[in-house]
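Got a structure here, written out as structure tokens. Questions coming.
Every chain is named by a letter (A, B and C) in the order it is written, and numbering of its residues begins at 1.
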Amino acid sequence: MLKVIRDLLRYDGRFRVAFIFLLATFIMSAISYVSPQDPGRTFQVPLDRSPSLQYPFGTNSRGQDVFWWMTFAVRNSLYLGLITAAVSRVIAIFVGLTAGYRGGYVDRILMSVNDSFVVMPVLPLLILLSFLFRGRMGLTGLGVLMGLFGWPWDARLIRSQVLSLKERSFTRTAQYCGAKDFHITIFEHLPFVLPIVFATTINNMIWSIGMEVTLGVLGLSNVTLPTIGTTIYWANAHQAMVAGIWWWLMAPVVVSVVMFLGLYLLSQSVNEYIDPRTRLRRIGA
Amino acid sequence: MPLLSVKNLHAYYRTEAYGISRTVRAVDDVSFELQKNEIYGIAGESSCGKTTLIKVISGSIKPPLRIEGGTMTYTFDGRDVDIASVAPEVMRREIRWKEISYVMQGSMSILNPVRRVRRIFRHVVDTHQGIDDKRKFEALCRDHLKKLGLPPDILQAYPHQLSGGMKQRIAIALATIFRPSLIIADEPTTALDVVVQRGVLQLLKDIQAESSNTVLLVTHDMAVHANVADRVAIMYAGTIVEEGPTEVIFGAPQHPYTQHLIASLPVIGDKGTRSALPGAPPNLASPPSGCRFHPRCPMAKEICRRVVPSMIQLDTLHRAACHLVGEREEA
Amino acid sequence: MRNFILRYLLPRLGQYLVVIFLGVTITYIIPRLSPSDPVERQVAEIMVSGAHFGPEAIAHMRDALTDMYGLRGSPIEQYLAFWARMFQGDLGPSLSRFPTPVISLIARALPWTLGLLITAVMISWVIGNILGAYASYYEKSGIMKVIDVASQAVRPIPYYIVAVIFLIVFAYFFPIFPAGGAYPVGRRIEMSIWAVQTILRHSALPALSLVTVGMGAWFIGMKSLTSNIISEDYVVYAEVTGLPQRKILYGYIMPNALLPQVTGLALNLGMIFSGALILEVVFVYPGMGMLTYQAVLANDYSLIMGIAIFSIVGVATAVLILDLIYPLFDPRVRHQ
């Protein structure tokens, strides 16, 4: 693992950028734990100060230090991404492995449902759901909810991976040896599928954090919790742009660009690293 | 005057990934000559560098493949051409297909899956002869296909509607449409069943006999060489280890590797088991020292491990690279 | 032909029906997951929001809401009734603009969204694909590298953030385009050169954002597809035969690489649509997205639900149309 990271750092420019951006993101979310400010309270600092040494990201019209608020926002957005990724991973792995391994009718039905979820515009449904549960849903709830919609792309990918694994001989051997379906799936296929699961996890986080921004902007996520989406929501609610308090919008924009780019470049770089063709070149076959 | 003279040719693949660089010596010190009006066969097991050799002598070299030494000189109509230093545009317009054409390995998939067969004929004819007129083009193609015994309707077909044998014949038809001086055919019969194979080989032979050009036939299948080639070269791990007229190679092979190849040919009525060669083909990224065949050679000696055997001329047309052969000659 | 119908056409039609079935069923189930009585909650919310309705109107509304949520009769009856209304294209009345039917609100907003979406998607798809193929096939030029880096940079950023960046750049630093609204408030739409110009000017920013993000995505996809197809035998062969590069690019690489891009377009339509919705909100563009936003602000549940169902059916239909067009580009599907 360490060697992989060292190799990537040395030979992949994208990974270096990803590393720096994600490091910044993690540090940002980590220092929220030592924040002098409680993001739930307002009128803690003078209003509408532009960025300065004392307030690096300025202060907002609610009397909050934007920098400290953003540390919570980053932490919460990451947390949400992880929850969504975890929930949708479980579904995606289950559906992908089952469809791929069982084949036949099971496969056809699962993939038909799967493709329906791929095609369906998720945003209106999520708006509908968050609208109904508005105010009663915490971050975890929202994360789980998005997880329920975030699995189909990856399930398809995992399935296709399993299909190609099935063609290889070791599955056949396992079958002749009388191994149970479940056993084959877990012990023979999962290890090969896991690198892909890792790469898709990152993409899934990007998707869900982005979706939260959208819901937050519409005022549909829990606006008392600091997230990237709710930061923009509050800035809009106070017409920050019109009032000239540009830093209030700039902070979430810059922070999220750093976070999204970091995650995306990481997934690209890892994807290339685990790509069979690259792997062949690397091990020199 | 030979058509092509290759001297001490070296061509390596150099790749790099995550800091690990690798050099595959796919063609390592190869020399041979192609005469006009002959069928020259190159044999050797998979990944010994046959296709690479073809890529190099047909001038289609792209990274990571690079020429690392040697010369290749063609003589077209008394004019000498060094293929490695021809300008790409000249190569593309004047040499490709007019002088050297190529039946690629894997001809099953050389046809664009989403276009009719006519399209590739059209493009090739248009590029090299500038025939834009539809009727002239149509007449030329139909004529050529008929001569090869192919139904002209195939122009109208999509690749997925054609059988493997048909696609292979189309590849040959495409390669011969301008009567080039040299036709290179890479594994033209692999993946075809025996009956179809015979038809395809006959087609190649007929075309060669009719237009007396040169055919370079590459295949790992010794039986094909026995039936078709005038001369055969045996390749092992990037080098030519023996070369001679077909009768000599099959009748009196000198190199232990050739002897093994001939001995393992199926013989009608022979029920004895044939010995398989121990060990795996060498990795061309780190080939064995000395004679590259030594780890698998039943007759290997101490010297074989250390010294690369040099090519020994046994006869005007017969040569082999093996220490045993050398000693016998000296004695 | 028979094979084509059995193996291609019927499965696509079946998939279309499954999408709609699942979509409608999910929208049917969602309100039932809500812990409180949605009708009373809704009525209360509307009362609180300060709208003035007579007692008769409220009774009518309660009725409409009960219908809307399909809360009459047994669950099975409710479900069937729900479907029956869907088939008649009846999405119920809007609550905030009672009793205007939801469907007519959608009908008013839809042309705006369709116009924006179709134009932007076509432009970004075509340009992204051409540039992607060029970038991968020809030697890297400076400008292609810039496009590549820019595409990679916008790829992961949510539409909303991209739009905000555009808004800041264009509306504040280079105020060429109006920051919002497709049409000046208070003017009736009439066909005139002036009207067309205004609409175009006001659609420019949302379209530009949509094109930028989309183009980047298609560019990246096409680049990697092309780099795979370049090593396919039929491309290598075309090169060996000495065809000029331009012919290889347009005759061999593009027709093959575009096939997965057509499929990709179909698969991504839902996401692109979602993106367009949110862009409309940023640029105050009077389409479906704005309608959704207004519905959320006005607590108009029936409108949100109508939009959700309509979006699902609409996107699924668009995907079906793409699926039906696909065989035109792929003879392997046509002549099975």
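The rule is simple: a residue touches a chain if its C-beta (ideal position, glycine included) is under 8 Å from a C-beta of that chain, and two chains touch if they have at least 3 such contacts.
Keep in mind that what you see is a predicted model, and the values were worked out from it rather than measured.
Trainee: Viewed as a graph of touching chains, is the assembly arranged as a line, ring, star, complete set, or other?
Mentor: complete
Trainee: Hey, which pair has more contacts between C-betas, A-B or B-C?
Mentor: When the contacts at A-B and B-C are counted, B-C has more.
Trainee: Find the geometric centre of each of chain A and chain C from their Cα atoms only, then give the gap between the two centres in Å, rounded to an integer.
Mentor: Chain centres of chain A and chain C, defined by C-alpha means, are spaced 22 Å apart.
Trainee: Go ahead and note the Å separation of the Cα centroids belonging to chain A and chain B.
Mentor: Computed from C-alpha means, the inter-chain centre distance equals 52 Å.
Trainee: When the C-alpha atoms of chain B and chain C are each averaged to a single point, how far apart are the two points in Å?
Mentor: For chain B versus chain C, the centre distance works out to 54 Å.
Trainee: Could you pull out the residues of chain B that touch at least 2 other chains?
Mentor: There are none in chain B.
Trainee: Which part of chain A faces chain C closely enough to touch in the complex?
Mentor: 112-113, 115-125, 127-129, 131-133, 136, 206, 209-211, 213-214, 217-220, 232, 241, 246, 249-250, 252-253, 256-257, 260-261, 263-265, 268
Trainee: State the interface residues of chain A toward chain B in the complex, per the touch definition above.
Mentor: That would be residues 7-8, 10-12, 273, 278, 281-282, 284 of chain A.
Trainee: Would you pull the chain B residues touching chain C in the complex into a rising list?
Mentor: 58, 60, 91-93, 96-97, 101-102, 104, 106, 108-115, 119-120, 123-124, 127-128, 158, 160-161, 174
Trainee: Enumerate the contact residues on chain C facing chain A in the complex.
Mentor: Residue positions touching the partner: 14-15, 18-19, 22-23, 26-27, 30-31, 33-35, 38, 152-153, 155-161, 164-165, 167-168, 266-267, 269-271, 273-274, 277-278, 281, 292-293, 296-297, 301, 304-305, 307-308, 311-312, 315-316, 319.
Trainee: Which residues of chain C touch chain B in the complex?
Mentor: 232-234, 236-244, 247, 251-252, 255-256, 259, 329-332, 335
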